Amino acid sequence: MKREPLVNAALFLSLPAVALWAVSTDEPFTITLATRTAILALAGVGLNIALGQGGLVSLGHAAFFGLGGYAMGVLASHAQTQTPILEWPVLIEGATSMPLIWLVAMAVSALAALGIGALSLRTSGVYFIMITLAFGQMLYYFAISWPAYGGEDGLSIHLRNSFPGLNTLDPIQFFGLCFVLLCAALLLSARLKRSPFGLALNAARQNPLRVRAVGVRPFSLRLTAFVISGVITGLAGALFADLNRFVSPSMLSWHTSGEIIVFVLLGGVGRLFGPVAGAGLYILLEQLLDGVSDYWQVFLGALLLTVVLIARGGLIGALAGSEVAHD
Amino acid sequence: MTFVLFAEQVLNGLQLGAMLFLMASGLTLVFGVMGLINLAHGSLYMIGAFAAAAVAAATGSFLLALAASLAAAAAAGALVEVSVIRRLYDRDHLDQVLATFALILIFSEGTRWVFGSFPLYLDIPSYLAGPVTLPGGIEYSLYRLTIIAIGAAVALGLYLLITRTRIGVQIRAGESDREMIAALGVNISKLYTIVFAMGAALAGLAGALIGPLQSVQIGMGEPVLILAFVVIVIGGIGSGKGALVASILVGLTDTLGRFLLPIAFGAFMDPSDATAIGSALASMSIYVLMAFVLVVRPTGLYGVAQHEA
Amino acid sequence: MRFKSIAPALVAVALSTAAEAAEDGNGLRVGMITTLSGGGAGLGIDVRDGFMLAIKQSGRSDIEVIVEDDQRKPDVAVQLADKMIQSDKVAVLTGIIWSNLAMAVVPSATAQGKFYLSPNAGPSELAGQGCHPNYFNVAWQNDNLHEAAGAYANDAGFKNSFILAPNYPAGKDALTGYKRFYKGALAGELYTKLGQTDYAAEIAQIRASDADSVFFFLPGGMGISFIKQYADSGVEIPVLGPAFSFDQGILQAVGAAALGVKNTSQWSKDLDNPANKNFVAAFQTEYGRLPSLYASQGYDTANLLLSAASKASVSDADAFRAALEAAEFDSVRGDFSFGPNHHPIQNIYVREVIQEGDVFTNKIIATGLTAHSDAYAAECKM
């Protein structure tokens, strides 16, 4: 276990190091990649709370990722066209301020996670996987066919939203913002894990009967974890949409859910910094393999298979030793 | 809306249900016996369709094409089972999801590598082409009727296989206690390979049967896979009877929803908006059905109550 | 750890050498973002092959084309555009197949002063209020082929059409485009789910209606499914649609079910002009297959670019833009010019699906619309 903190620190610091190095060599695209890594890692950190700590294999986290993105798209596009979102019963205007957009994205994700979670958590195991998948697809089809916000075309906004005191159009400043949020989420995740709530959640994952016996309902523990998880992933979705200045139903598709799981698994399930390592590795592979062959996804698939079958514990497991942190 | 139109839509729902049953029965069998969730089931469907298209193009025989789809999907299934899936039985569902997600990437892009990026051609054989007139003046595609019949025959065949044959006994025993039947001298790994290959063959058959109606192309298995998941969740995972009932239920809900919802909205809205909103909601109808079933029965219609795990 | 920090450095080094190369010479660097993997790969491959054929024929070594796969994902396309603009320092972007990807990439690329030449997608927003001096559409505005189908329906004497399209923006544009020119009544109007592959329910409704014609826009696999199921259902109401479902790439998959279907297109391989004859022959020699509509659009896009590059340097944006506007190249479509919103003014033909030996293909039977522009040009202020 001793090596893991070292590996974590090194992995973690490499992200701002790459970004700063890119600034000094004037490689804005590398900063964009680092930003993308930070945002996808944030989505992974969110999922990891449900998956790693709660043992809830959600194949529908794209729902929250996409809802966060749409919260950004809807607010910003209304602000752009200066039309209110709602005039009755209360007047709701669009917005371009990131903190406000983040709040809305998190609130919307929380509501969705509460609804989906309340229904899905009545089940467990493989039912849970499939139900979360189906809810994700339900939102996906709804977003495609609902005409108001672009349907399949998605929503484009012309300018990145603003943050007080920062110029978010400058790649490195936007990276900094995303990185700080990633740090905050990691801190929250770490605190959560050691809190009484986290311990109870962990116990509920390992032995629900015993938790029930001491008078705690695993259902409410899991629902809380699922909502926290959805909120963080929703925040990542809002940032991702802002990075691209674009949101579309593809953020809601089940491939996105699969990819978020891939980040978590590539890094190492249940490891605090796993999603950071996994998202970094995934983006690196995407950049490297893309040039090798038109059929690069075959190699990606083969690599994933190898990780699942042989290198259990993911990248951090491989670097820090095979002890699994969560068991 | 006339009776004839309504009856035709009900038949369409049954045909979709029959096709979903071919997919869902394999998924649910594999889950029931081995406890495995297989996202790559849709890839086996695609392999069946591609094999059928290739053989039909080479020989011109639809029956040979069907046989080839069964053989190719079963072979691919057995190969994957021996090389990958076998290592996943003792793993948690997360590893299974990931590994089979990886298999989708490999199968999809690998098939594109072999067959190219353009859709393949597969047509309805001349002796099944065109419509027939049913009692009541309903004109209906003979080929779609054939699919309904094949679905019913497979359901009956599976029932007989599970209840009347030696391998059926082993499958049922494997569902309840795998250590025990291994102790009784049944070669459990061979049994698993057979069950997996059988599920794969059914998926391949579904792909080959649907190929002539649709386009044989990369990624064709994914929408069907998700529908099949909805089916087995509604029916109860591991239950063959549940898969049959839920397939028909989902087939009818989807078809009739697409047909009736726009009409219902048209009663009080502008027709253009009504079709847009009606079809937006129709695309969600089966998920609403699923949510409803789960509220009433969390383990599906015929699912066994789970131990909380 | 080592792996993680060194590899991005390698990527970055590779990119920076590429960027330096562009800055040295007076070469023209073009970024092509197109779909090369997944279900829609056939279209992107055709655009790329048509484009590269024209570049090869020109013999110009100072034009460098960087091709990347967008996987048909809007977010990937945006990332690629960022990379090409920021790292590869391209001056011109092209290649996108799908309207939703174009909407994600084009506004921000043109806002950064880059040129974008569209070889396929033509969303209405980019033709109207969202038009931009640096955006040129070499294919069509999305509504064009549907408008021609509507006009042809009048010519053919159809009075009661049943129309259907997927429930997404391009689908709605398609039906709107058809209705803009079609003067008869509607026997029914349906929106289907995007990606739907079973049309039994819709065909039953067509059968039950008293339509005299069916117009559909169902791109890709959806169209293949529809036309096969329609042929099998025994409904014999004549069908018409845009070229997308009857193009060279997919006709072989539809087969005899498509024979006799009328479809509208701005190009056909039997168009009688020297540029087209040369293109069809050269494409077959180079790639061993018949060219598709998409290949013709890729080829025209490259030739437009070449014509501009021979007149002006891209570093002089105004001169380069003027050279593009002049559109002095031999289009495989025959007459071709740009309207005020940088969208084509061209003829749109009606083709019929025929069989030549073993191969299914199209021949022109009529002209649907002559020197046709689009409905949004008036909204474009630039």
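Order as written gives the chain letters A, B and C; numbering starts at 1 within each chain.
Definition applied: a contact is a pair of C-beta atoms (placed from the backbone, for glycine too) under 8 Å apart; a residue touches a chain by one contact, two chains touch by 3 or more.
Predicted model only: the values in this text are computed from it and were never measured.
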{"item": "Chains in simultaneous contact with chain A and chain B", "value": "C"}
{"item": "Chain separated most widely from chain A, comparing mean CA positions", "value": "C"}
{"item": "Centroid distance [mean C-alpha coordinates] between chain B and chain A, Å", "value": "31"}
{"item": "Chain centre separation in whole Å, for chain C relative to chain A (CA means)", "value": "35"}
{"item": "Residues of chain B whose C-beta touches two or more other chains", "value": "108-109, 112, 276, 279-280, 283"}
{"item": "For chain C, residues that touch 2 or more chains besides their own", "value": "37, 167, 172, 191, 193"}
{"item": "Per-residue multi-chain contacts in chain A, two or more chains", "value": "141, 144-145, 147, 295-297"}
{"item": "Touching residues on chain C, where the partner in the complex is chain B", "value": "37-39, 41-42, 45, 167, 172, 189-193, 195, 197-198, 200-202, 204-205, 207-208, 220-221, 224-225, 228-229, 232-234, 249-250, 252-257"}
{"item": "Complex contact set, residues of chain C against chain A", "value": "1, 4-5, 7-9, 11-12, 15-16, 36-37, 68-69, 73-75, 78-79, 82-83, 86-87, 99-100, 103-104, 107-108, 111, 123, 167-170, 172, 191, 193-194"}
{"item": "Chain A residues within the chain B interface of the complex", "value": "51, 57, 59, 119, 122-127, 129-131, 133-135, 137-138, 141-142, 144-147, 208-209, 218, 254, 258, 261-262, 265, 269, 295-298, 300-305, 307-309, 312"}
{"item": "Footprint of chain C on chain B - complex, ascending", "value": "1-2, 4-5, 8-9, 12, 15-16, 108-109, 112, 117-121, 123-124, 129-131, 139, 141, 143-144, 210, 212-220, 223, 255, 258-259, 262, 271-272, 275-276, 279-280, 282-283"}
{"item": "Residues of chain B that touch chain A when the two form their complex", "value": "31, 37, 84, 87-88, 91-95, 97-99, 101-106, 108-110, 112-113, 226, 229-230, 232-233, 237, 276, 279-280, 283-284, 287-288, 290-291, 294-295, 298-300, 303, 306, 308-309"}
